[in-house]
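You will see two complexes here that share chain A, one where it goes with chain B and one where it goes with chain C.
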Partner chain A sequence: MTDRYGWPVYSVQPCLIRVRETYMKVRRTTPYFYVLPGLLLVFMIVYVPVFSNLIYSFFRLSSYSKEMSFVGLKNYVALFTDPVLLIIIKNNILYVVISLVVQVGFGTFLAILLESGLSGKANGVYRNVLFTPALMSLTAVGLLWQFIYTPKIGLLNSLLRFLGLESLQHVWLGESGLAMLSIIGMSQWQFTGYITILMVVAIQKIPEEYFEASRMAGANAFQRAIYITLPSVKEQLLVCSIITMIGAFKVFTEVYVTTGGGPGNSTHVLGTYLYQQAFLYDDLGMAAAVGMILLIVTLTISLIQLKMARTGEV
Partner chain B sequence: MNVNTRTLKLKRLTSNRLKRNLQSLLLNLFMIMLMMIILLPFYWLVVNSFKTNHELFLNSLNIPETFQFQNYVDAWVQGLSSYYKNSLIVSVISMIFIIFFSSLTAYGISRFRFKGKNLIFLLILGGMMLSEQIALVPLFKMLTSMRIYNTYLALILPYVAFRIPFSTFLIRAYMLSIPSDMEDAAYIDGYNSWQVFRYIIIPLSKPILASCALVNLNFVWNEFVFALVFIEDSALMTIPIGLMAFKGQLRINYVVMLAGIIIATIPLIVVFSFLQKQFLRGLTSGAVKG
Partner chain C sequence: MKKYLTLMLIVLVAVSLTWAAGDAEKSDDGTVTLKLFHRFPEPEYSAFIDGVIADYEEMNPNVKIETISAANAPYKERIKVVLGSPESPDVFFGWVGDFTNRFIREDLVLDLTPYYDREWEESMMKSLVDPFYYQGNLYGMPFRVSGKAFYYNKEIFDTYNLDVPETYDELIDVCNFLESNGITPISYGNQELWPSSHYIGTLNQKVLDNDVRMKDYNPATGDFTDPGYVKALEMYQELMGYVNEFPNGLTHEMARQSFANKETAMMYLETIEVGYLESDMIKPFEYGMFAFPDVTDGKGDQDYITGAPEGFWVSSKTEHPDIAVDFLRFLTGKDAGWKEVREIRWFNGAKGQLDGGFDDPPIEDAYNMMLNAEGMAFWMDNELHAKLVDKYLSGVSDLTNNDTTPRKLMSEIQAIAVQLQSEF
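This part shows the complex of A and B:
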């Protein structure tokens, strides 16, 4: 290709690569030396175990012996006929739904409020405070909230007593109807601010002219949020929804630290059930089968995200 | 402009400003209430960590009569110091290796053309979709048969491998934005690809490496599942598991436990407040929770 004076036209990239290929002492194999160590580690420690997990799910095996016996679909049959599975699925789905509404929904609402320019100088302080719980380890949060929910001396019941609302006091983590909601509530406290920060960053990237134009057209704050802010940040909204959903399906520590799945089996989730099968009942095959459910669910969510991002639906 | 329209405009302006001030006031009130809800648990935690158990049981909402700094000393001496040491060792070593391998991989992928590059990149990225729990049982078996179960290595190895995908993704995106003029000049001057990496790419990538290191520090410092399963010996436990063990050991010595929670939490809050910008960049450009 030539330009109108007859000189050859190079796009920038081929030109640079030509320079490099002429002068640099890079052999064909060199790039592999950079890439392979990382790839090998990921392959050996991430892919191989996930694949072995699939195989394990068809076997009966225990922690400290090398023996494995093939049992076909027996683990899956046992899993799907276990009445606890229903509780688990219900709990995980409850976790997902509440987290989406509170963390993503309310979290985004907070981000819009913070970026509305109305909160003034305290904005930075608000953001930092909102984010602080996300910095605590899950264990610390779990132990702290276990204290908060403690019947006699805990913060929640003490506060209710202080406000004269004795009738609302509960054994928060000890009542099977309330325990799961109490744990989920704790998670919302910890992670809503995290989503808010992610959304604030996205909102800050929207060109100021968009808002300027809508203000000229006489849109009020609510209309601006609906017609300008939300459509402009839908990509980030999708990312936040996805990580929240996957996080809620993978949840383990929050439950393990506070109730360990009890009272009864009322707070079991996939993660704690897997742990229980593997390391308390020493039934690694069954645990592997639980892991496969987790794999299929999280993989499906990730693939949906990929597909939506690629087809440009968001 | 006649007098009438001017006063009208003035009126509208003042009413607009009034409305805006009112909205601002309401919003700030709402935010302050929300802040109180978020901070109340922290306040309660700090206040009670300075009490005696007796005071705590009388009324957990009161302010302590005298501040029991001894609680913190007890928490530190009775176990947290050793968990701290373990967490420091595991986190620092993991972080170094995560950054090392990820920046190598990102350099290879972002700077060269080679056969199978896209496949390799996809494989590494795909690792982000696989969660730790799915690999838990086989990894446990693998680590036992490698005879590194219940050692620091049993944590470091999985941490490094599981964080490479995310970190590579983060660093690669940054490296792609570095213009290649300097590299080309360096190649002309006779640098080889390693020297280019070491003396040009790495120094230019420092901001993202810092962000990446912080995000991973946050992950490794707080990681629970692997630490719970791959370590048995309490002398090797990291802080998250140590706190659990600590609780079992203290039984009803609540105040020391509360002090322990604070000691375990402070480092990240301090690091965050000093390196907020880098930390947030890492968190927001990758957006992976926990």
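This part shows the complex of A and C:
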């Protein structure tokens, strides 16, 4: 039997099979070699520390101690019976809720406004203005806001005085009831624009035909936002919510730079509490226990995200 | 072939990683390299230390000294980590009290007792070296001696014919008088929490019997049940009536700035802050210092000063203990001290630093105040156990805002003290 060029087919066939066999053989093992260095790195940098952190959380040790002593669940018991934990949970939850409302809620609203054509030619300027704070270093932003919040000469109180609103002046970072809200406010200023830009990208991906069709059908801008834009970007909304929530639980620098947890313990969050245990109290075991709690919280949020992302197809 | 290439790549990555983590410093020509870790990154102070090092290196050509520095708060955190690591510095900065004692307990600090011969001892001021002993052995040497004093604006005091208060009650009278004349008596910024520990540390020392205080400051025996602690906090609360507005919203530096701007009449500052204060002043004015006034019914020694010599220690892990100790001796010795007090206006623990013409009245005042003091109450935030420090600092911050009471705060501190006793 020959093919149309006259080559005998039978002689090619076994050859091809042999080629495929050797090819398959190589393919089965080679990829693992390629993955191995990366896998090793991830294992060493991520999984080994997580595992050793778990082990440390059952010990009492400091960064300079000769030996560590096993204390069982004592660190966890101490953590859950510490009255500061309640303040921390309250603060972290407040951080999450306000961040979700302002960053994701208001951020999305801004994104819809930006993409609605209302901003016209200045669209690019608005986007840059909104995004710039997210590019600044957390420490710099913390110091900047510390100045804004300074009681006597700070920008905020000066502005309030200028507007004749003296009664609204406060010691923003020095009053127990206000300090946390002041820090959260600073965080919103920095990251709302970031979420806005993420949402702008998602909105731009929506096919223009949807909007055209809705315009023909007589939908107004508000209806278009509710019935077309939002349902089309719900995956992105979910991702943004998760980023914001995890970010709000992991928050550290903002608090550390501005109040360090004070006045009293009123602005402590999980991050600063962990830091305090490790580097002020020399209690790395306790810090490891706080770290495990932080891991469990953020892992749970991520798992929920993974599960919802799979079902949340547009 | 591809397989070997991949394998080689893996080996290369692994080897380079190990190499990168390995020890890089070794010399073939017999030069000894020592590492010095200190907390003075500010240009003028680090330049002074670099100058001392240059002098030492010139005298000892086979020794090279590398310095690393970090600012106050980060230094306190980093030193704990590096001392525990194999990359420990040979000579390092530290505070007396539990800050360094905990490292001594872990055998991380070299015992200087065998090196401290008669000649060395005679060149030092005993009262300033004594704080560096722990359980009978000497571990460190003073580099900078600092104490707390009320700085006052002489112009304001002269205008109103005010005398420097000698007792706590007189201080309150002065404050009342100033306030009735529309002047904020005292500058105070407690945003970073530590400034309050200087007030509380002083008040505790003045009010309480020294033995009781020392027993309580030791985590193994402390219970903080003496009513004097509540009284000290009440006096703090009383003083808060005479400080500027919003002390919890101001940093120590901002408060010092307002004293330098003549907005207030007094401020409780460290003697080493003379330079900072003068550079804060837009228009220089005459100022003086007085020690915290006596608490007449207090049980503590009223001639104590709150403060501490800060110094340098040698790591027990150093490979060249003899050279490291020799360098320590030079860094904290008379020649360096002579330069130190003239160049950066700090003094160390060596005798004869002011010899040979010295004209700097505030520093002379500070020097004499420290030397004439009966003893020193060390910084409370270095002397107490970290958990007690935290409770004290966060609690006093609440007290400043009137969010807690002295009694409530002391009962919380007592609970922590009991818990600590069981751990020691």
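One rule holds in what follows: the second predicted complex is superposed on the first by the 278 of 314 C-alpha atoms of A that agree within 3 Å, B and C clash if a C-alpha of one lies under 4 Å from a C-alpha of the other, contacts with A are read in each partner's own complex, and residues count from 1 in each chain.
Heads up, the rule we're going with is that contacts are C-beta pairs under 8 Å (C-beta built on N, C-alpha and C of every residue); 3 or more make two chains touch, one makes a residue touch a chain.
Computed from a predicted model, the values in this text were never measured in an experiment.
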Which superposed partner A:W172 touches (first chain B, second chain C, both, neither): second
Touching partner for A:V201 - first (chain B), second (chain C), both, neither: first
Which of chain B and chain C A:L280 touches, first, second, both or neither: second
First (chain B), second (chain C), both or neither touched by A:G262: second
Per-residue contact with chain A, leading partner among chain C and chain B: B
Contacts of A:S62 with chain B and chain C, given as first, second, both or neither: second
First (chain B), second (chain C), both or neither touched by A:V97: neither
Which superposed partner A:Y149 touches (first chain B, second chain C, both, neither): second
Touching partner for A:A217 - first (chain B), second (chain C), both, neither: neither
Touching both chain B and chain C, residues of chain A: 26, 30, 33-34, 37, 63-64, 152, 279
Of all residues in chain C, those that touch chain A in their complex: 2-3, 6-7, 9-10, 13, 77, 80-81, 83-84, 102-103, 106-108, 191-193, 245-250, 254, 386-387, 389-390, 393-395, 397-398, 400-401, 403-404
Touch list for chain B against partner chain A, complex: 20, 23-24, 27-28, 30-31, 34-35, 37-42, 44-45, 48, 56-57, 59-61, 101-102, 104-105, 107-109, 111-114, 117, 120, 123-124, 127, 129-131, 133-142, 144, 157-158, 160-162, 164-165, 168, 180, 183-184, 187-188, 190-193, 197, 218, 221-222, 224-225, 228-229, 239-241, 243-244, 247, 254, 257-258, 261, 264-265, 268-269, 272-273, 276, 280, 283-284, 287-290
In the complex, chain A residues that touch chain C: 26, 29-30, 33-34, 36-37, 62-66, 149-152, 171-176, 259-265, 276, 279-282
Contact set on chain A toward chain B in their complex: 16-17, 19-20, 23-26, 28, 30-35, 37-39, 41-50, 52-53, 56, 63-64, 110, 113, 116, 118-120, 122, 125-126, 128-130, 132-133, 135-140, 143-145, 147-148, 152-155, 158-159, 162, 189, 191, 193-194, 197-198, 201, 221, 236, 239-240, 243-244, 246-247, 250, 252-253, 256-257, 270-271, 274-275, 278-279, 284, 287-288, 291-292, 294-295, 298-299, 302
